[in-house]
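Alright, structures below, take your time with them.
Both complexes below contain chain A, partnered by chain B and then by chain C.
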Partner chain A sequence: MSKLNFSIFRLIKAFWNTSISKELEYRLNLFIEIISVIGNLSGSLFVLSIFYKGGFNLGGWTWSESVVVLAIYTILDGLTTSILQPNLSRIVQQVQDGTLDFVLIKPVNSQIWLSLRVISPWGIPSIISGFLLITYTFIIGKKILSLYSILLFCLTLISSIFILYSLWFIIATTSIWFVRIWNANEVLRSVLVAGRYPISAFPAGLRFVFTFLLPITFLTSVPAEAILGKISLSLIIFSLLFSLALLFLSNKFWNFAISFYTSASS
Partner chain B sequence: MKLKHLNLAYTLLSTQYALMLEYRAEIFLWAISGILPLIMYGIWSEAGVSIGLGIDSKWLFSYFVSAFIVRQFTAVWVMVSFEEDNLEGRLSPYLLQPIYPFWRYFSSHVAEQITRLPFVLLILTIIFIFNNQLFWFPSPFKVFLSIIAIFIAFTVRFLLHWIFAMICFWNDRASAIERLLLLPYLFLSGLVAPLDTFPEPIKNIALLTPFPYVLSFPAKLLAGHNVDIFNGFLNLILWAFVFFIIGFWAWKKGVRHYSGMGA
Partner chain C sequence: MPIISARSVSKIYKVSEKAPGLKGTLKHFFERRIRIIKAVEQLNFEISKGEIVGFIGSNGAGKTTTLKMLCGLIHLSSGSIEVAGHNPEQRDRNFLRQITLVMGQKQQLIWDLPPMDSFRLNAAVYGLSDRETKRRINELSTMLELDNELYRPVRKLSLGQRMKAELLASLLHRPTVLFLDEPTLGLDINSQIRVRQFLAEYNYKYGATILLTSHYMGDITSLCKRVLLIHDGKLFYDGLLSDLTNKLSPYRLVKLSLTDSDSAHFVSQFGQLVEYDDHLVKLLIARENLTEVLTTILNQFKVKDIEVTDPPIEQLIGKLLKSGNI
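The block that comes next holds the complex of A and B.
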């Protein structure tokens, strides 16, 4: 078993090497990506500043606390650009062309293969600037981060990444039945924009939707609360368990879905 | 001559409409993915009243719902489809036809809007069921004006994207630039925050760009807010004219670089 795991890591390393060298052919993209990240962040900060200049606290969060939420959103957005988007948009293509066959017959876990086959370096500017922004707010606020809150932050961030991944993967999986579904992920992306702001800034009805129907709360607000030290331990444990359950569900759903796969064009 | 053009336009539109009808489910999903103004309404409705700019919840509701409608009918994806056609050599047969390929893309966008209409009406009905106390009725004349404004706004956005789509002739990943075009549209058009809430200097800069006129202006017209109708239309038409000239010129320059990949 350990030997098998080892080979998966080696495989992924090889895949990522090739996909990075392929992407680096388009170096202009790095330039575009950096401008786009800077523009996006300054635009979002500008919109936030409109709220705070008006003397309004977004759901009781201070300015720097809201900036942390925005920073976490930026990190997740970068991960989406780097891993989720390039891999999961391919599932749809593979179902359409019938090339999913070649994935399924390989002696590798097909979910891991499909989720980590390629990587795009263009999300890295977002990820870096997200972390920089968090560091900056803590330096400005002259707050000292304890190791404990960093640990809690890492735990909640990992669980938010798992949740984000599971949502994407479950939606991409439905392409086994519906084939042309790639813009369903676009819908998901557009709703996740709500994660730029603390969830408590929304009216009660939307807050309910973003917590129980689409767990956006766990994506950005919970990790922000963790690093700001305003979270209870039970919420952290709940968010971890919840993310593991979703991950498990995504795997079960995938195995269920491929039993319906009819393999187009073969 | 005139009749021939009308015939051509009708044929283009009806074939593209038939094509779009095939992808109803996809178009429905695209319609939902334009939900951003409604999400922003959620935040503004909690924040707006306390901001003290004379903005009340009724104002915000009509503004953001109108912005949602305007955005639905000004969606543009010509850069992506042009890049695809260019890279796969599908542009070659289009070039042989005695019609500026621009019209093919333009008509497919218009056809998509027609397909989208029932879905937008459905979403609007749902919004109104949940918010019926904030319902507003713009006058028929204002509705008529805003339909024209939305169509010109769509044309301006389409022409702007068409200009940048021409970069495909030189670079095979030009659609990455679309991300950059989206930025000023997102933050300067009034999509995420009404221009009235901007600080004066930034608002003035925004008004020098075409972006407020392609979203904020038609949205306010539709919402029945106070807006300088003459100035709005003047700007829309001016920008459409400028972009049309540049786009035509860029096409003439670019098409000479076309290498017919895949053919």
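The block that comes next holds the complex of A and C.
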């Protein structure tokens, strides 16, 4: 087992070494990315502030609590830019041109390969500013974070990453059959955007959809509630189990799908 | 004990068909017409360890499909395959460590980076130590005559250099079963020869089994004693390349150099005339009458020189594949 883990870490290191050296050919990107994160974030903060200036209360969430939700969204958005998007959007292309062959022929878990093959450093500014924003709200609110709530936050954040990843991966997997039809990137990115504000701020009908049909609640609101100490332990456990179930399902679905792979012909 | 065995292997594809134009597209959108294509039908063959076998057939005959089934990339519709003691479909790691697939028209090297980076990645995939990786890269690059190219971005390499680097990347883990799909596609004659020599050397050095498809008959004739000829998904011939010549052409090519140019015209009536030029006559003569006819000619005419050969296999198979009549 330890040997296996070692080789997986070594592999991921090799993966990321190659992709970072490739990405860093384009230095201007970092500058553009930082500008765009600052622009996006201040835009969203401005919209939020309009709500609160007008005395409007977003589903019982205070200003600083809503900012935490926005910060978590920013973190997930950064992860999407760095890992999910560059990897999962390639799956469709690899099915299309048949280079998936080279992945399937390697003695490596193909799902791990496809999900972590490349990393793009351009999401890092988002991830950092998300964490900074959370720290800032706690400093401003003069609240002290307990180790316990940090732990709960980490757990729920991990489960939200797993949920987002699994859904995305499942949709990308369907390209084995449909080859071109789905554009999973657009679908999942817009799902994520809905998590920019607290879910309870949405009307009841949408709230239902976002909780039970598209699990957006689990993406941003649940981690926010965890760090703010507004959450029950049972919901945290449910969120964890739910994410693990989805992860398991994505793996089963992938293994099922590749038996239908026809490989683009020569 | 064969290292590769295929029993009653068939693969059926369902393909939807679309008529051209907007009308056809709309119709296709609402109502898919599905056609069933038998890519491969009832294939049976065995390959022993260390053999180099040529897999020949026209485009769309089912060669690539078969190769990919042998690698476990495509699942069979029926039948069974065993490669190195494994069922390829299960993609067991021990199985995948022993094989490789090289495709002339697809590449695994990272386009923007030097081949060295791709090699390092593969070394990590197969868990090779840095020292071992270096040793193997040195050895293979010497065999392939690659040198400075390893440090230049792949996009800056010539097709021949790229293919050689591609081979190196695919063989770094020292596989014992090689599936090569048109490995010399688009290469100039020198690079083709270099790749052939390399494959022969690799086969000799590591006792590797090689199954190779190619449209360049030169690859097949210089590397493979045995060929599998596949046509329309069915195995048409499995045996020695030299025997295939007999089967395809029941004739021998006889080159006669005559002292007297007048007799050339008469000589040409003893067989199927191929070429006729003053003193020189080239004839195709049926194998079974060969000695008889030659005796007659030698008795009746003054012959300066005589040469009996098989008609070139490239031409025979080329003709066969072109006509499609098997």
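Keep this in mind: the second predicted complex is superposed on the first by the 262 of 266 C-alpha atoms of A that agree within 3 Å, B and C clash if a C-alpha of one lies under 4 Å from a C-alpha of the other, contacts with A are read in each partner's own complex, and residues count from 1 in each chain.
Following the convention adopted for this analysis, a contact is a pair of C-beta atoms (placed from the backbone, for glycine too) under 8 Å apart; a residue touches a chain by one contact, two chains touch by 3 or more.
Because the structure is predicted, anything quoted here is derived from the model rather than measured.
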**Message:** Output check: A:S7 vs chain B and chain C. Expected answer is one of first, second, both, neither. What do you get?
**Reply:** second
**Which of chain B and chain C A:K142 touches, first, second, both or neither** = neither
**Asked** Touch check for A:A194: first (chain B), second (chain C), both, or neither?
**Response** first
**Request:** Have a look at where A:R27 lands relative to chain B and chain C in the superposition and call it first, second, both or neither.
**Result:** neither
**Asked** Of the partners chain B and chain C, which touch A:S263 in the superposed model: first, second, both, neither?
**Response** second
**Partner with the higher number of touched chain A residues, chain C or chain B** = B
**Request:** Would you check which partner chain A:V47 touches, where first means chain B only, second means chain C only, and both and neither mean what they say?
**Result:** first
**Asked** Which part of chain C faces chain A closely enough to touch in the complex?
**Response** 13, 64-65, 68, 71-75, 89, 91, 93-94, 96-97, 99-101, 103, 105-106, 108, 110, 112-113, 117-118, 120-121, 123-127, 181-182
**Asked** In the complex of these two chains, what residues of chain A are touching chain C?
**Response** 7, 10-11, 13-15, 17-18, 21-22, 25, 97-99, 101-102, 104-108, 259-263, 265-266
**Prompt:** Inside the complex, what are the residues of chain B that reach chain A?
**Reply:** 23, 25-26, 29-30, 32-36, 39, 42-43, 45-47, 50-53, 130, 171, 173, 176-177, 179-180, 183-184, 186-187, 192-193, 197-199, 202
**Residues of chain A defined as touching chain B within the complex** = 26, 28-29, 32-33, 35-36, 39-40, 43, 46-47, 50-51, 53-56, 58-59, 178, 180-181, 183-184, 186-187, 189-191, 193-194, 197, 201-203, 205-206
